[in-house]
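Notes for the one structure printed next.
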Amino acid sequence: MLTMVRMNVRIPLDFDKQEAARLKAREKERFQELQRAGKWRHIWRVVGLYANVSIFDVESNAELHDILTSLPLYPFMEMDVTPLCRHPSSLHDDDR
Amino acid sequence: MLTMVRMNVRIPLDFDKQEAARLKAREKERFQELQRAGKWRHIWRVVGLYANVSIFDVESNAELHDILTSLPLYPFMEMDVTPLCRHPSSLHDDDR
Amino acid sequence: MLTMVRMNVRIPLDFDKQEAARLKAREKERFQELQRAGKWRHIWRVVGLYANVSIFDVESNAELHDILTSLPLYPFMEMDVTPLCRHPSSLHDDDR
Amino acid sequence: MLTMVRMNVRIPLDFDKQEAARLKAREKERFQELQRAGKWRHIWRVVGLYANVSIFDVESNAELHDILTSLPLYPFMEMDVTPLCRHPSSLHDDDR
Amino acid sequence: MLTMVRMNVRIPLDFDKQEAARLKAREKERFQELQRAGKWRHIWRVVGLYANVSIFDVESNAELHDILTSLPLYPFMEMDVTPLCRHPSSLHDDDR
Amino acid sequence: MLTMVRMNVRIPLDFDKQEAARLKAREKERFQELQRAGKWRHIWRVVGLYANVSIFDVESNAELHDILTSLPLYPFMEMDVTPLCRHPSSLHDDDR
Amino acid sequence: MLTMVRMNVRIPLDFDKQEAARLKAREKERFQELQRAGKWRHIWRVVGLYANVSIFDVESNAELHDILTSLPLYPFMEMDVTPLCRHPSSLHDDDR
Amino acid sequence: MLTMVRMNVRIPLDFDKQEAARLKAREKERFQELQRAGKWRHIWRVVGLYANVSIFDVESNAELHDILTSLPLYPFMEMDVTPLCRHPSSLHDDDR
Amino acid sequence: MLTMVRMNVRIPLDFDKQEAARLKAREKERFQELQRAGKWRHIWRVVGLYANVSIFDVESNAELHDILTSLPLYPFMEMDVTPLCRHPSSLHDDDR
Amino acid sequence: MLTMVRMNVRIPLDFDKQEAARLKAREKERFQELQRAGKWRHIWRVVGLYANVSIFDVESNAELHDILTSLPLYPFMEMDVTPLCRHPSSLHDDDR
C-alpha cells in the first residue's frame, strides 16, 4: 500500500553539531535498511531545501506510523502524509 | 532530471460527457506514450481525489513545460511543480 | 485500517432539485450498505454545515479510493483524507 | 453531545525528558479515566504526527472546556474544536 | 449553552431580486422569532460586509444545527461556528 | 460604538509562574473595572483554548486602542479586531 | 475617527458594459461627494489591480457601514476593514 | 511616488527594556525627520496592535528601501509593501 | 526603477476561441513594443502554468499601473506586484 | 536552464555580530563568483525586506541544489524555488 510523505527537517541553529552528525548517520542507516526491505520505495531531495519527498510501501497505516515516528531525526521533522494508490492508466501493475 | 508534478483535475459539472470521455481517452493515450518513453516515470492516484502525483524525467524545464501544457486535459488541470534531485542517502544511482 | 475523511458537499444553487433529491436518496442507500458492512464505521454531521466527518475501516488505500469516488454525490464533494491508527493509550484493542 | 477535537502536541526539544515522561503518564491515566466514564468516546493517532483526533461526549461546552484545559499535556497542545451532531442517514440512534 | 456563529451571505448577482427580497423578509421573521425565544441571543453586523456575528444559546449542538440549516437564507450562507462558555472573570453568572 | 475583539493569550512555558499569576490577577481586576463601566460589554471563553471573544462599547477607535494596549496581559496577546454595528433586524434598539 | 478600507472590485467578464459604465460614473460621483464632505479622506489606486486603499473619517462604525454598503459598485466589491487611530509620534494633531 | 507600508513590530518579551526605550526614542526622532521632509507622508496606529500603516512619498524604490532598512526598529519589524498611485476619481491632483 | 510582476492568466473554458486568439495576438504585439522600448525588461514562462514572471523598468508606480491595466489580456490576469531595487553585491551597476 | 529563487534571510537577533559579518562577506564573495560564471544570472533586493529575487542558469536541478545548499548564509535562508523557461513572445532567443 503506497503513501507519499514529505519531510521537512529543521535542526535548530544552536543544536550540537556532533550530536546532529550522529543522528544524521543513524537516519541514513535506518533509511537504507528500510530501502533494502522495500518499505521506503523512493526518496528524492526537494531542490534548495532540507526536505525530501518519499514513497512508502507498507501493510497498513499503523506500520507507516511506527516507521516514521521511530526515525532518528523524527523530532526535527515536519511530516505531510498523502495516501496514494495505483493509477488506472499506468502500464505497470504497480507503479514502481 | 526529475520533477514532481501534482495535478488536480476539475471538469465542470455541466461539461459535455462525451467530450470529457474523448479527452480522457486521449489523455490516457498520451500518458502511456510518455510512460513508455521514460519521460513520465511515475504516476499515482491521490486517494479520494481526482488528482495524481507524478514524477517526470526530462532534459530541461522547457521540455517539461511543453509536455504539461500539451496534455489533452491541461485546460482542466491545476499544476503544482516541485523540482527534485537524487537523495545522497539512496542506495541507487538514480532513484527509479 | 482506519482513515478519517471530511466531506464538504456543494450542490450548485441552480442544480435540478429532483435530480439532487434522487442523488441524495442513492447516497443514503449506499452509505447504509457500507455502514452495515462495517466499512463506513462512523459518520457525524458538522454543526451548521452541509458536511460530515467520517471514519472508514478498509483493507487498503485502493479500497478507500474506490468507495469514495463511486459515491453518488462524489462530483459535488470536496474530500479531506487523514490516515489514522490505533492510539496506544486506548483501553480498547481497536477504537470502535 | 458530540464534539471532535484535534490535538497537536509540541514538546520543546530541550524540555526535561523525565518531566515529559511524568506528564505523559499522567495524561494517559487521565485519558483512561475519561474513556471509562464515556466522556472521551474515541481517540485515534494521526499517522506520522504527534497528534490525535478525538470524539468527546459531554453535557455542554463548559464541561468540554474544563476537561480539555485540565489535561496534563494541555500547555503543549494546540486544539482544534469542531462541534458535531448525529447524522440523519445513520442506522444507529447515536453514532457510537 | 453558548456558541458564536459568523455568517457571510453571498447572493449571486443574477439571482432574482423579488425572490431575494422574499427570502430576506422570511429570514428576518425567523430571526425575530428566535430572538424572542432567547435562542438567538445577539446579532451584530460586521462593518462593510453582508455578514453578521451572532451568539446562540441552545440546549445542544443538534438544536443549533437544526436552527442554522433551516434558515431561509441558509443556501447562501457560509458559516463559521465557535463553541463558547462563560468566562471565569465575568461579574455576571452568565454573560448576557 | 461596538467592536469585537478576539484575544489569544500565549504565555511562554518558561515564564515565571508567580509573575504570570500576578499579571492574571491584575488583568481580572482591570477587566472587571471595564465591565462595570460598561466599556467591556461581553466576554466569553473560546472552548478548549486560552482565548476569549469580547464585545467592547467605546466612544472611538482611539479609546479602544488605549484600553487594549494597556491590559496587563497585552504583551502576551494576539488581537483580532472586527468593527461591528447594530443589526437592522434586531428587536432591540441596541443589541445588549 | 479613522478607518482604512481596502476595496477589490470584480466585475464579471460578461457583465453588461453600459451598465458597468453607468455604475462607475455613479460611484465616482458618490465618491467625490464624500471626498468633499471630508468623510472619504484619502483614496489611492493599488498598482496593477482594480483595487483601492481608502481612509475614511467618520463618526462611528455605523456611519461607515452605511457609506460602504450604499456605494453603487458595492455588490462587486470585496472589503477589508482596518480600524486606525492617531499615531503618538506624529507631528500633526490628526494625521491628514 | 506613493507606497503604502504596513509595519508590525515584535520586540521579544525578554529584550532589554532600556535598550528598547532607546531604540524607540531614536525611531521617533528618525520618523519625525522624515515626516518633516515630506518623505513619510502619513502614519496611523492599527487599533489593538503594535503596528502602523504608513504612506511614503519617495523618488524611487531604492530610496524607499534605504529609508525602511535603516530605521532603528527595523530588525524587529515585519514589512508589507504595496505600491500605490493617484486615483483617477480624486478631486486632488495628488492625494495628500 | 525595477518591479517584478507575476501574471497568472485565466481565460474561461467557454470563452470564444477566436476572440481569445485575437487578444493573445494583440498582447504579444504590445509586449514586444514594450520590450523594444526597454520598459518590459524580462519575461519568463512559469513551468507548467499559463503564467509569467516579468521585470519592468519604469519611471514610477503610475507608469507601471498604466502599462499593466492597458494590456489586452488584463481582464483575465491576476497580478502580483513586488517592488525591487539593485542588490548591493551585484557586479553590475544595474542588474540587467 | 532557468530557475527563479526567492531567498528570505532571517538571522536571529542575538546571533554573534562578527560571525554574521564574516558570513555575509563570504556570501558576497561566493555570489560574485557565481555571477561571473554566469550561473547566478540576476539578483534584486525586495524593497523593505532582507530578501532577494534571483534567476539561476544551471545545467540541472541537481546543480542548482548544490549551489543553493552550499551558500554561506544557507542555514538562515528560506528558499522558494520556481522553475522557468523561455517565453515564446520574447524577441530574444534567451531572455538575458
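We just call them A, B, C, D, E, F, G, H, I and J in the order they show up, numbering each chain from 1.
Heads up, the rule we're going with is that a contact is a pair of C-beta atoms (placed from the backbone, for glycine too) under 8 Å apart; a residue touches a chain by one contact, two chains touch by 3 or more.
It should be emphasised that the depicted structure is a prediction, and the values quoted were computed from it without experimental measurement.
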{"item": "Identified repeat of the A-C interface (over half of residue pairs identical), from I-J, B-J or G-H", "value": "B-J"}
{"item": "Between A-D and B-J, the pair joined by more C-beta contacts", "value": "B-J"}
{"item": "Distance between chain centroids, defined by C-alpha means - subunit H, subunit I (Å)", "value": "29"}
{"item": "Subunit C-subunit J separation of Cα centroids, rounded to whole Å", "value": "46"}
{"item": "Subunit F: positions in contact with at least two other chains", "value": "2-3, 45, 47-48, 61, 64-65, 81, 83-86"}
{"item": "Interfacial residue positions of subunit H with respect to subunit I in the complex", "value": "1-3, 60-62, 64-65, 81, 83-86"}
{"item": "Residues of subunit G defined as touching subunit E within the complex", "value": "3, 5, 12, 15, 61, 64-65, 68-69, 75-76, 79, 81"}
{"item": "Sites on subunit I touched by subunit J in the complex", "value": "2, 4, 27-28, 31-32, 35-36, 42-48, 52-53, 55, 82-91, 95-96"}
{"item": "Of subunit H, residues touching subunit F in the complex", "value": "13, 45, 47-50"}
